[in-house]
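Encoded as structure tokens, the structure appears first; notes follow it.
Every chain is named by a letter (A, B, C and D) in the order it is written, and numbering of its residues begins at 1.
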Amino acid sequence: MNAAVRAVVRTALFNELDVYAIRQGYKGLISGNLKKVDSSDVSNTIQRGGTILKSARCEQFRTPEGREIAVQKLRDNGIDALVVIGGDGSFQGATLLGKEHGVNVIGVPATIDNDLVGTDETIGYDTALNTATEAIDKIRDTADAHDRLFLVEVMGRDAGFIALETGIAGGAELILLPESLTNLSEIKSSLTRVLEEHQRSSLVIIAEGDETGGALKLSEELKPDFGKYDMRVCILGHVQRGGNPTARDRVLASRLGSAAVTVLIEGHSEVMVGVVNNKIKLTPLKMTFGKKKDINYELVELAKTLR
Amino acid sequence: MNAAVRAVVRTALFNELDVYAIRQGYKGLISGNLKKVDSSDVSNTIQRGGTILKSARCEQFRTPEGREIAVQKLRDNGIDALVVIGGDGSFQGATLLGKEHGVNVIGVPATIDNDLVGTDETIGYDTALNTATEAIDKIRDTADAHDRLFLVEVMGRDAGFIALETGIAGGAELILLPESLTNLSEIKSSLTRVLEEHQRSSLVIIAEGDETGGALKLSEELKPDFGKYDMRVCILGHVQRGGNPTARDRVLASRLGSAAVTVLIEGHSEVMVGVVNNKIKLTPLKMTFGKKKDINYELVELAKTLR
Amino acid sequence: MNAAVRAVVRTALFNELDVYAIRQGYKGLISGNLKKVDSSDVSNTIQRGGTILKSARCEQFRTPEGREIAVQKLRDNGIDALVVIGGDGSFQGATLLGKEHGVNVIGVPATIDNDLVGTDETIGYDTALNTATEAIDKIRDTADAHDRLFLVEVMGRDAGFIALETGIAGGAELILLPESLTNLSEIKSSLTRVLEEHQRSSLVIIAEGDETGGALKLSEELKPDFGKYDMRVCILGHVQRGGNPTARDRVLASRLGSAAVTVLIEGHSEVMVGVVNNKIKLTPLKMTFGKKKDINYELVELAKTLR
Amino acid sequence: MNAAVRAVVRTALFNELDVYAIRQGYKGLISGNLKKVDSSDVSNTIQRGGTILKSARCEQFRTPEGREIAVQKLRDNGIDALVVIGGDGSFQGATLLGKEHGVNVIGVPATIDNDLVGTDETIGYDTALNTATEAIDKIRDTADAHDRLFLVEVMGRDAGFIALETGIAGGAELILLPESLTNLSEIKSSLTRVLEEHQRSSLVIIAEGDETGGALKLSEELKPDFGKYDMRVCILGHVQRGGNPTARDRVLASRLGSAAVTVLIEGHSEVMVGVVNNKIKLTPLKMTFGKKKDINYELVELAKTLR
């Protein structure tokens, strides 16, 4: 996300605009936690995980009164446009600022789950994918005995993008996604096939939002039948949210952050900038709410062919 | 590349075809270094750098007599189709096998430089990009004194893909590509701007094929004017060719390897499978020779805006 | 562990001895899964995680009859000495072979938990430490909001070495070890101090063998009082057992593997080779059973000073 | 190094002392670039590469007048002791402050080359070692053809610690150190043995300070005889100075930084804190000048046995 902030700042300065950085999101906006920045404030930040702007939840911004204060702070500082980096929750807030007060707002998609419509990929996704894949590689190194069964839970409350691509990249024997129903007897027969017929250890990837209820719950349900195997659970959790961003994530964030400023200058508002088929594409912010991008079902089939 | 081999093997077996692995490329084919493989031969290989099939140069295959022997080996083993993973050199050989002897051949694009036409990305490119970017991140950590000038040479004999995207991802002050001419006085004035006006250290990325002649040559030419700075050269070389592949590279390789078998079954030959706009696309092998994919000039401009 | 195998093989060959590799430990020995190896069999293995010899549990070896078969296999192949790489369980088996059948046996300490007496460090420990620390670094990147509470469970069933050093290296606010009793009210008051007085997020490292019962159990016990915080659990599990070994682990393994052969040649048996104060030291195998190396209590105090 | 700064700050605060951070070393001291710090100023820094205090060269401090100004700044701020983190150059400056003005000074050893006497290991060494080793691992992945010859230059102007341990950890066929003379004909015969008899690719590690003159110079001298091989040069350079520090480096830095404050409180001055045989040890600063710690010759022999 720092790469996106840097691109917004430097593209604005390149176009001789003043730029302010607001820390802690809408909460910081309401409390006036903002300052004018120049080029060197974003030097040496592109490689950092997390975000230099920090993040925070803000209940107050959900009320018209809260947003009134927010707009006043923008006006006090002579700010007439806002670039919001985040997911559909942040975009809903931005849309209200636009609708209620005429603030120009542009959304930049940054969610780990990659389920936003209007962009092929969101900022943070490729990094999370690689982090999860590296963890699975390390587990593979110990999968040399054929009586082991690994259950690895990755992020994805509503969407299986990380689980699906990590599962393919990690060569998982079974991938459990929120998007597809898998009943326990299917899971058991798949595992039996690998563990007994192929005499291999078995690695199952589970999205946290899968209907089985996650890795721990599944391990308990498998215990009666698979108790003779050495069953191990790994829950990666927030490890997937940090780490130095991948090259691809930084280039994507640089493109989107820069495009956000360019389209503002061109007069757009209440749109999200995305990359579709390697080109910048605009999508009205309101079209991003409540929708979910579909996973690639071709990859679901590929995973079954290759396992 | 192992992910592609694995995908070819498992997709063939899924379709109840026999598969053989040929080690050391055309050299191994001529010498009969091939064996029938099953699913477990490619277990636990997807995370490995390099290639389990090893590679080798082969002069003999460039002669009609060499190819005659190669085809005979295929026939002796009842093999009627060949999947070739590599660049345009390998594809030329494959085309000759097809033309001269009617062997069905499919190309899978795997070159680090990413300059093959017919696919948005080649296998190995994303991994090389991340390796180079990580190296630059480490250099950045020491760029805290403002009198330092780093010259980092990355791969790319004819194409600047790695240099360009690494330069953006690493926040380089200057990126020197084979595709664009930069004269020495422009380079000097860019560096002066960063080092003296901005009082920052400066990082220059140079593709090995840039017309300046590489990092060492450039450092010598800069010495007279920039001798007061602490100038350091880093040549990454083959470091960029190895390392565990990224998730994206493995998913791409899995898709392409699997598609190679599918299109063979469908009756295609003398084509390369690629991914364009996230969909599998076929390109006649002969159209990949001697051509070069263009770099994205939008990114060249972006780099200038953000530096 | 591959570095140790490589060192045993190459040191034996250097001394003109024949060497055999036994796969799957004692199970492989009983079933005759062994073969003569030469120098190139261990080429290109030093950087690999896991073990090329694979591992397996073996109940049969615990019986005198099982060990009788094992010794017969050694004699059939003209093998008169055995280097056993592992922990105190493996060393007990080795000792019985020595006592009952006069086989020369040398132990090489390789356990992730680092709790073997007779060596400052065991093979695999430094790698596990770095893997756990890298995971915590990634979590830190997201610890920018001050209302977050992370509970990270690391390996260590009986020993807190990994938890202690990871906790210091990761700057954890609280470290829970099997070696020290921490009651729930102390834990709560430590967390309150960080979260409320310092207004920081808080990261707790828990050894899996801590008396609190691990990260999940602790999270449930904290919920009543800390429900207003965003509490997250991460269980690293077997991720810590794999991955490319660190330089330090490889140098240690090379030294110990080579020393194992040297001391065999010198006539020793039923000893473990270790490194104490940077020098090779021998310890009778039987002294390693059932004992546990103490953690460094100076580091426990350091952690409290620095948090 | 950030871990050492953090440990100094927190240990001082733990002992109810005021602490100031001086940026840019002696240059910052002379220019008054210092500020009082509290515990949260060093939060979230332990995992970072480089140094938050930045570094700079300072000619002025080498003069009595410069040091006079420096001491005045210390007195103006009520500072009566100085912890200096660096190598023997920095320690010489510190000693002069002590001798000439009675300032209490403690040295903390942080040099990448690891050649300081008085400590088994210096801060930064383990990280550099792992960075170089990872680079070599990646090169190994491409070393599958037997006609390749890699020359990798690592840091070490006067000392071969990095080259020696990296060479063992990376399984190099030849290691060239400043400490040992190797003539060109020995180098050639070693390479011939590996490339021709063993039919393997060959990897040579060269310390930058080796008398051969580094990787590029050596490659030119080898060209006449080894021209038929595919010879590649890699110069890692400053890549080795950055990157997130290893767990071991952070624990070492935490121990040394904390000990520096403890020994100051105990009344020591003009000493360096080191770790010898896993215990804190004090060495008079003046004994660290101009001396060089010996490499471990046992490891030199080990490298020859294992290659």
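Note that a contact is a pair of C-beta atoms (placed from the backbone, for glycine too) under 8 Å apart; a residue touches a chain by one contact, two chains touch by 3 or more.
What you are looking at is a predicted structure, and each value in this text was computed from that prediction instead of being measured.
Colleague: Expressed in steps between touching chains, what is the minimal separation of chain B and chain C?
Modeller: 2
Colleague: Of all the other chains, whose mean CA position lies farthest from chain D?
Modeller: A
Colleague: Would you mind pulling out the distance in Å between where the CA atoms of chain A average out and where those of chain C do?
Modeller: Roughly 34 Å separates the two chain centres.
Colleague: Taking each chain's centre as the mean position of its Cα atoms, how many Å separate chain A from chain D?
Modeller: The answer is 38 Å.
Colleague: Just give me the whole-number Å value for how far the CA centre of chain C lies from that of chain D.
Modeller: For chain C versus chain D, the centre distance works out to 28 Å.
Colleague: Among the residues of chain B, pick out those that touch two or more other chains and give their numbers.
Modeller: 137, 140, 143, in rising order.
Colleague: Think of each chain as a node with edges to the chains it touches; is that a line, ring, star, complete or other?
Modeller: Its topology is that of a ring.
Colleague: Which chains are in touch, pair by pair?
Modeller: Result for touching pairs of chains: A-B, A-C, B-D, C-D.
Colleague: Taking the touch rule as given, give the residues of chain B at its contact with chain D in the complex, in rising order.
Modeller: That would be residues 24, 48-51, 54-57, 131, 135, 137-145, 147, 150, 216, 232-243 of chain B.
Colleague: For chain C, which residues are in contact with chain D within the complex?
Modeller: Touch residues, chain C against chain D: 3, 6-7, 10-11, 14, 39-40, 43-44, 46-47, 120, 126, 129-130, 132-134, 136-137, 140, 143, 165-166, 168-171, 198, 200, 244, 246-248, 250-251, 254-255, 258, 277-278, 296, 298-299, 302, 305-307.
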